[in-house]
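Note that chain A is present in both complexes that follow, paired respectively with chain B and with chain C.
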Partner chain A sequence: MAPITDKIRNEVKEIVYSFFADECEVDLASINSNTSIINDLDGDSLMFLELIEIFKKKYQLDIELKVIGKYAVKHPVATIGQLIDMQLLIIEHENRLLEIDQ
Partner chain B sequence: MSKEVVITGMGLISSLGLSLEENWENIVAGKSGVKEITHFDAGTLATRVAAEVPPAFDELSRNLIKKRAASQMTRVTRMCITAAKIAVTDAGIDFNLLDRARCGVVMGVVNTGNSSSEKDTTIQNTVFKSMTNSMPAWISLEYQLQGPSFSVNTACASSAYAIAFGYEMIKSGQADVVIVGGADSIINFEEIQGFNALYALSVANDPPEKASKPFSLDRDGFVIGEGAGVLVLEGKEHAIARNTAIYAEIAGCGLTSEGYNIMAPMKDGEGMAKTLELALKNAGIKKDEVGYINAHGTSTELNDRYETMAIRQVFGDGARQIPVSSSKSMLGHTIGAAGAIEAIITALALKNGILPPTINYDHPDPDLDLDYVPNKSRKSDFNVALTNSFGFGGHNATLVLKKYRD
Partner chain C sequence: MQDHHLAFVFPAFTNDYADHPGQTMPGFDQYFSELLFKAASHTDQELAQFTFENRAFHDDELRTQYITYIYSCAASSLLRNNGLSPGFTAGYSMGIYAALFDGGAVSFETGLTLIRLAHGSLLKSLPGAEYTMGTLIGLDRKDIETLIDKSAFSIEITNQNASHSFVISGRRAEVHQLLKLAKEEGALNTRDLSVSIPYHSSELKAGAMDFADNLGKLDIGSPQTPVISLVDQALLTNPRMVAAELVRNLYYPLNWFNTMQALLGHGVSHFIECGPSKGLAKNARFIEGARNFYTLNAIPPASSD
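Up next, the complex of A and B:
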């Protein structure tokens, strides 16, 4: 469990924005927190998994995919802003992610 | 009601080019696409030549396939999707104007080429790259098609089977438009080593362009090629209503299984002959109407001998009057893509009135006495052509194509 600093928050935002701009071949400046991953970027669910792998390595996270899966079912992600918020929660809570709802 | 089925779009990617025009020009000129292998270090293998698709393909596919989707495809799948996009553009189809539930896809897929030559595979993409349904799936996704979409594997006859299934779907009224074809590349260390172990490949490495010599006395096995061929099939009335150009008509097909041997064709070409007979019957074509046969013509001892015997069995004394040529003399054997690539060449031959040659026919085999269109293409106005595809496992297909006349 790691506290979310401004540095981490900015890093996550930068990685997510760059990832989608690169993968979806769109201008970085066209992405904002309200951008829809499916409708605006033609993205796919696999991108979420790829980002998790990136953050698992970067922050050496201890979290199982099934935990994230259970959380995501209750808290579906549609926009870039929502995705960043979820990635921050994952970094902060790791395998205790589901305890947020308790 | 039974419908006539026509070809309205084609896309061809091979060692001889990345467009229909470039391929046809090189085929008519009798050029060979066979060169030393560059995909990997083949120095320790008995076979060190193949017909590789030119490097410019990478840029072409980057222009036609989104980066995200491309990262989930193998190079072979990208060849298929690129050829499909070219074919659909060629057909001038706007799927927004059609009932997508009546538009399908059938692809001949032996494998997706997810081998050691595929260096950029990530863990997340491994499954997508290996799925043998990936080619039809990506085409349906690209155009949001909702009709039947599937792949068929009958080894070297796969994409001929795909064309046959697409033809039947339209003829029986199940679909209005079907995108058919296939793509393949087995130019990798493991596959060449495996085929070398079966003594199936030519080891005449020097000069590479002379290695594939179907029907010649000194033939010593096939040369592996790679590529993709995709055709847009639709009902004739549907095509006329769209006011689109028509390349040729698919008049029928013969599909058989020999039930004989996993590798060798049935003795004396009996199974091949049955397939040819069935195709003619299915198409309602008389034997003396056939003006050209695009042979399976692999450049192996048995195939070329038995295919010649089969043609003799079926056409009798008339066999020597029918020009027979092997595109594999120029393009190598493109395995799962071969049936579609050769159907495209046959359609172009019909449309343009030109017989493509069998190159490297320098030493005739006295036992094989048909007109193999030796070394040079020639003009011929003919109305009906057959194209043969025979696969390991005894999967045989013969397609019947007819010249389209307004």
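Up next, the complex of A and C:
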């Protein structure tokens, strides 16, 4: 469990925005929290997985992918803003992510 | 001179050619057209009707294999003509035929014949049931095996792309059910590959044996560029090994993840995906050490010198 500071929040936002701008070859300025990952950026699940791996390494997270998968079934992500919120929850709760709903 | 830090890798068949490199690789369209007409003349006259715009044969599995093969052979021939000479080649799934062509083990025409014979033998051997293949991302092998065992399905894991990325083959209804169960178990993504043959599964053993009976009539030589086996990661260096691999590739499980590890172990640091796909390049992001993995439209100048 890592408390989410403003520094982490900003880092996550910056990484996610840069990642999609780079991967999807779009202008960074064209991305905002309402940008649809699939419809606007043509993103896919491999990008989602890659971002998870980036954050796992950066914050040394102890989390199984299937925990994230189970959470994502109940809380599907469609926009960049929702993705950032989920990444922050993953960083904060790690393998206890599913306990949020209990 | 071969560059032992470079490998050409050939994707499985696809019907999506939206990113064909006609604009970014001068000469590609000409190479492709020449091979397309050669294939039409040798194997199937209808192939001449194909254009990247009309997407002919979109739902035709055999012709899709031909087009992918032609595309892949055109790309690798052009790259070689431009001075690139890989130290290794590898063919993912049905990409084996283009890998063997590129490696110099078979002629372009023999590759087409192999595709036709394999497809015919496999279809003939399958009982009436409907089959397909699927992909699962986010679960590990043990998770998937547990799901299969619990449901008493006859599904097999037939390829591993990365540590948490797998391919399964089996009867269509069971594969669909397993993909659903996998999502509930926490798979981040699942997908039906919508094919009719459960490639690389033991269901195909009889078909593979029938295919093997025809190999003696074909001219199979020693690869001039080593081709790596996706079954056991051995380097195929003689006709006997190539013929055995052609048969095993149909009904043995493959392991792309191990193959990439083996190529990295041989000192390969740069990979070019020679075909109409970005799939292997995308997958490479999850393989440590395989960052320099390029699609045809993104080969950096330094790699094409």
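We take it that the second predicted complex is superposed on the first by the 102 of 102 C-alpha atoms of A that agree within 3 Å, B and C clash if a C-alpha of one lies under 4 Å from a C-alpha of the other, contacts with A are read in each partner's own complex, and residues count from 1 in each chain.
Convention: a residue touches a chain if its C-beta (ideal position, glycine included) is under 8 Å from a C-beta of that chain, and two chains touch if they have at least 3 such contacts.
Computed from a predicted structure; not experimentally measured.
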May I ask you to decide whether A:C24 touches chain B, chain C, both, or neither, giving the answer as first, second, both or neither?
first
Requested in this report: Examine A:L65 and indicate which partner it touches, taking first as chain B and second as chain C; both and neither are also allowed.
Outcome: second
Of the two partners chain B and chain C, more of chain A gets touched by chain C
### Query
Between chain B (first) and chain C (second), which, if any, makes contact with A:E50: first, second, both or neither?
both
For A:V73, is the partner it touches chain B (first), chain C (second), both, or none of the two (neither)?
second
Touch check for A:D42: first (chain B), second (chain C), both, or neither? first
The intersection of the chain A residues contacting chain B with those contacting chain C is 44, 46, 49-50, 53
Note: in the complex, chain B contacts chain A through residues 66-68, 71-72, 122, 124
Seen from chain A, its contact residues with chain B in the complex are 22-25, 42-44, 46-47, 49-50, 53
Interface with chain C, chain A side, in the complex: residues 44-46, 48-50, 53, 64-70, 72-73
Per the touch rule, the chain C residues reaching chain A in their complex are 137-139, 143, 164, 183-189, 282-283, 285-286
